[in-house]
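The structures come next, written out as structure tokens.
Both complexes below contain subunit A, partnered by subunit B and then by subunit C.
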Partner chain A sequence: MSVVSVTRLWGRAAAVAALTLGLACKREERRFNASYPSPPAYAAVTLDTLQPGVPSPEITVNSPSEGNAYDIAQGKQLFAQWNCSGCHSHGGGGMGPPLMDNEWIYGSSPENIVATIVEGRPNGMPSFRNRIANNQLWQLAAYVRSMSGLQAKAPSPGRNDEMQYKVDEQRTPIRTPRASSSRNVPAKSERP
Partner chain B sequence: MTWAGSIFDTAGPPAERIARLAWFLIIVSAVTYLLVLVATGMAMRRARARRARGELADARPETGKRLTRNVAIAAIATTLLLLVFVTATALTNKAIAWPLNAQQPLTIEVTGNQWWWQFRYRDSVPSNWLTTSNELHIPVGRPVRVILLSNDVIHSFWIPELHGKQDVIPGHRNTTWIQADRPGAWKARCAEFCGLQHAKMAFDVVAESPAQFDRWYESQLASAQPPTDSSAKHGHDVFMQRTCIMCHAISGTEAGSSVGPELTHIASRPSIAAGTLPNTRENLGRWILNPQLIKPGVRMPPNALPPAEMNALLDYLETLK
Partner chain C sequence: MTDRRATRYRSPTYVAARTAVAFLALAAVGTGCTAGSEQTANATTTQPRAAASGTVGTDTLVARSGVGAGKITIPGAEPEDGQWVRPAKDYASTRFSGLDQITTANAAQLKLAWSFSTGVLRGQEAAPLVVGSTMYVVTPYPNFLYALDLTKPGAPAKWKYEPQPLAAAQGVACCDVVNRGAAFADGKVFYNTLDNQTVAVDATTGKEVWRTQLGDINHGETITMAPLVVKSKVLVGNSGGELGIRGWLTALDAKTGKVAWRAYHTGPDSLVLIGARFKPFYKSDQGKDLGVSSWPPDKWKQGGAGAWGWISYDAALNLIYYGTANPGPWNAEQRPGDNKWSSTTFARDPDTGEAVWAYQVTPHDLHDYDGINESILLDLPWKGQTRRVMVRPERDGYVYVQDRTSGEVLAADTFGVVNSTLGIDLQTGRPTVNKEKEPQMGKVVRQICPASPGTKDWQPSAFSPRTGLLYIPHQNLCMDAESIEANYIAGTPYVGMNVKMYAGPGGHRGEFDAWDPIARKKVWSVKENFPVWSGALVTAGDVVFYGTMDGWFRALDARSGQLLWQSKLGSGIIGQPITYRGPDGKQYVAILAGVGGWSGAIVAAGIDARDSSAALGFANAMRDLPNATTKGGTLYVFGLP
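Moving on to the complex of A and B:
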């Protein structure tokens, strides 16, 4: 093996390791004392991309909770403890609209969801202005997005006792591995 | 042999049995250890004397029969000793698992949370049910049935002066019995690693005479008095219109959430944040402003209240005696 290829190999290994570590750290990072952005001002969040004339630049707030397993898990606890299920029924919808489908009346982006929680919406959604801390707002929004698969699979809760948009991890049917070639097929006498 | 949280500083029947067993194990183990040391010393002396006489150390190897005999004696002695320990432990376990002579037990439901304790006193009259947090009062001389529940992960309920540990398991009711034979105030801690702030999940235990206990119970059962001075009134509004109301309850007000500790009589408690800080105005202010600096990972969020609101809120909380 030449020197060049060895160096390249090491370089690749280092890159893969850095990538893995970087991604893994973001996914599991727990920021206890970080300042989370304040809920976006009413005027700043848009629900529609359709605009007369030249569209104005889109204002987006970068949610620190997106893709963060800890924040999504915290959001899940808050969702249960603050009785969001009272109306949204674990995301399946009841008095309130379902949250695990792909229909979003007031937008699906984290800032749209935070605005919905803060401002409230007609016909039942209460306004939680000043009642929920900034970090908890983004955590809730991140969890709500995970309910319909808008979060990456890795940070999303994998096991749920309630309904989900996908088959639950612990409820997926057991698949028996199949032999890839005839060599591994057991003899007829050995089969059950 | 006493220090804070010592199992030898017993204050109740189960703790006494545990302390007795501990002494028994310590003494028997110490005697056995000394005997082994003496036997080893004698063997060394004999070997040295033999070498001084010019004999080789292995000049007289143990013959098969003698070796077998010695090994058999050692094995039988060890087995008997272990058997004695197992029997003593089993007898103690049986004695402390048996409910105390319970004619009129007090029933307290304990719920472990990350990272605080909730106590619900059960009474035959439902309107006399009482909920407190992080402070357990029990009357002296009366058996207490403790029902252990968890809201999240496995914790462990341990008052070293009163009883051994009992795990607090989510989705399962565990029961243990305690009884205080003398008045006292102790610190109890969670005894099973339960997350980041496991070390700061303590509670205060107060054992007092039945009359004192009844007085405390009556005072805790009362709803919070509406504030009278203007600053405390403002503080009441701050509590009801800010983040506090999402998690905490104050009986007699609109605040009724049970996500965090109940605060109806917070001003009467010796400590805040599950035994983390002494309950002073300064500590309370620091805690409300940013709990994450004191107990990183705790579920209470930072609350950047403007100074005027914070002062009013503290004035209000101080009225909750």
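Moving on to the complex of A and C:
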């Protein structure tokens, strides 16, 4: 075996390993000192698309939970533990509106969702201000987005160890938000 | 081995087929299924008409043939006045009208007289009231009250009263933002708002007389029931068994709105108003402070057991009768014990609220079988004597015939497919629970019949003293269920159960039955595609009315079940039909159309049935409803030409 071919083989293996590690790292990345945006940051977000005349420049808040498998999985547990599932079921709704469709009354961006949880909304959404920790809010928002396919496939939760009542988040086709908030939508190619 | 594996979604046809097979197996082992013989009329006795047209007197008593022959009378029956002043028309809750202009012979000619849009597009469950020449209509949230002038063509509105309940209350209403109607007494219309207020409105002017705050949405409470006014007291109960409330029934002074008494349904005897007069019939209902000791420590404080259904009143015995709702959470593993006084029938003194007897229909409820259904008070011939009974078609699938002086259960027979229990032990009063259908943590239990809404939910039945039959609107649903841990956070859901409902054996989801309470069997039965979520009305013309969730308002022959007339309304019907005599002396029938409620939330609240656990699992059984009807909120009034 020549030196050249061995090197080439090692090179290939290294490339594959790097690729695998890279993807895996992206999926499983834990941010132990992540900075989760606090209320003043998302309070600057405008919910309404109707802004007389020329709209103000869009303010984007980067959620560290977006595309992060650990945070989305945490969000899924929190969604049950904070009794979100009591009203929104597993995305189909009940006392509260569905979250797995493409209708977003108060916006679909992570900061819109966090604002909705913190402030509450007038027709029945309770305000969880001073109740849910800041990092949990972003994790919840990230999971809520995965319910309608607004997270990339890789970090989205897979099959439940429970009665099956809907398609897994991982296999949920992307439901592009209607009207106002269409930001932070993963590329079509990322979804099945 | 427990069934931890998820199953794939099955098509309704597949489920129906599986269900049918299961049903056959069930029937074979004889576990108490009642298969109604469809359209087999055997109530053949022809009855003498009431002596004076439109009166309910002793001459409307029914002579019957066959088993249990005898007369059934309605206690405290009043002469027919052509009005409809309380939810069930009379205190005995019969929903029977002595008006007889509309008959089996002419019902086919019924025509729309006028209609009225309520301006609210949520589930319309209320019965309109007719007092003199005015009709009163209550809407779902935001709980408008309209007064319509029946003396003028087209019945224009006289006034509209807006109580302006908190919008946030919508977020704690378990099953659509419904309201089941009002009651009239002493020149005032009384009803409840979703945000826990009882209001009294001057029936002439539409001005508010008083309002009283009775509960708190931040602890999950709402009010959806129609009050009953008994001896100048307005009786009101709360809703929220899915939100960890603590249930109660409250009496308010009709003049002032001041609280006269409140009886809690969990907790120590002093708060349940159990005292020296309390004489429950069965041993398991006897004892001190059972509302505390039948729960794990402190769990009774969020144990549910509201009172969102119907109240009846016997003036001779001076007792009110009503039932309490399910215990919370649904996950029964988190509340070992009987969980008193959930799913319980109470007899109370309306003056003081004192309990005189109680009977827990479903101890330690496993399936959300509330006990709030109507109690129809009858004096019934029973084994050679006349017994003062109440008849209750219950959520658990049995028609209970119960002595209303003592609480003794005389009979309990299934009127639908039941496999969650194997019968009611009349010695102990307790159901024999089918352990195989008991939900567990980490296990999916399949084919539980009836499903959580029961064989019959809130939709009230009607009884005719002329035919001696009880007309029961109900559903035919089964479910898969899996207990999960419920977490109590005040003002949020406290359920702990994943549920998936589907059509029961036969594939139809609804039934409208005529039941003979003496022979203890179905006389005829009409199958409906969707659950029959509307109330029933029966008249002295021997016509029985009900509506379907796809919008058909039907009139049937009360003796044979034969279809006489039907009309397709703008939206699905989940309201309560009433009849009245207009200022022109003619008989009319009124019904609110507007789909919604728990069963219709898929349309009214835009539920997404791609999640089969949506709307507490009901959405799965109603996937095709959005194709059959759309939202609405219209009152329709029909009369003869």
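Going forward, the second predicted complex is superposed on the first by the 131 of 192 C-alpha atoms of A that agree within 3 Å, B and C clash if a C-alpha of one lies under 4 Å from a C-alpha of the other, contacts with A are read in each partner's own complex, and residues count from 1 in each chain.
The rule is short, and it goes like this: a residue touches a chain if its C-beta (ideal position, glycine included) is under 8 Å from a C-beta of that chain, and two chains touch if they have at least 3 such contacts.
Since the structure is predicted, the reported quantities are computational estimates derived from the model, not experimental observations.
**Student:** In the overlay, answer first, second, both or neither for which of subunit B and subunit C A:Trp82 touches.
**Tutor:** both
**Student:** A:Asn135 contacts which: subunit B (first), subunit C (second), both, neither?
**Tutor:** After superposition on chain A, A:Asn135 lies in contact with subunit B alone.
**Student:** Applying the document's definition of touch, where does A:Ser108 land relative to subunit B and subunit C: first, second, both, or neither?
**Tutor:** In the superposition, A:Ser108 touches no partner, neither subunit B nor subunit C.
**Student:** Which chain, subunit B or subunit C, is in touch with more residues of subunit A?
**Tutor:** Tallying touched residues of subunit A, the top partner is C.
**Student:** Who does A:Pro97 touch here: subunit B (first), subunit C (second), both, or neither?
**Tutor:** Only subunit C; A:Pro97 stays clear of subunit B.
**Student:** Which holds for A:Thr46: it touches subunit B only (first), subunit C only (second), both, or neither?
**Tutor:** After superposing on A, A:Thr46 lies clear of both subunit B and subunit C.
**Student:** Identify the residues of subunit A that lie in both the subunit B contact region and the subunit C contact region.
**Tutor:** On subunit A, the overlap between the subunit B and subunit C contacts is residues 81-82.
**Student:** Give the list of subunit C residues in touch with subunit A in this complex.
**Tutor:** 4, 6-9, 167-175, 242, 444, 480, 482, 484, 487, 489, 491-495, 498, 500, 601, 605-616, 619-620
**Student:** Per the contact definition, I'd like the list of subunit A residues that touch subunit C in the complex.
**Tutor:** Residues in contact with subunit C: 80-83, 86-87, 89-98, 100-101, 103, 120, 122-126, 159-167.
**Student:** Could you list, by residue number, the parts of subunit A that touch subunit B in their complex?
**Tutor:** Those in contact with subunit B are residues 30, 32-33, 74, 77, 81-82, 128, 130-136.
**Student:** Give the list of subunit B residues in touch with subunit A in this complex.
**Tutor:** Going through subunit B, the ones touching subunit A are 241-243, 245-247, 259, 290, 292-293, 296-297, 299, 301-303.
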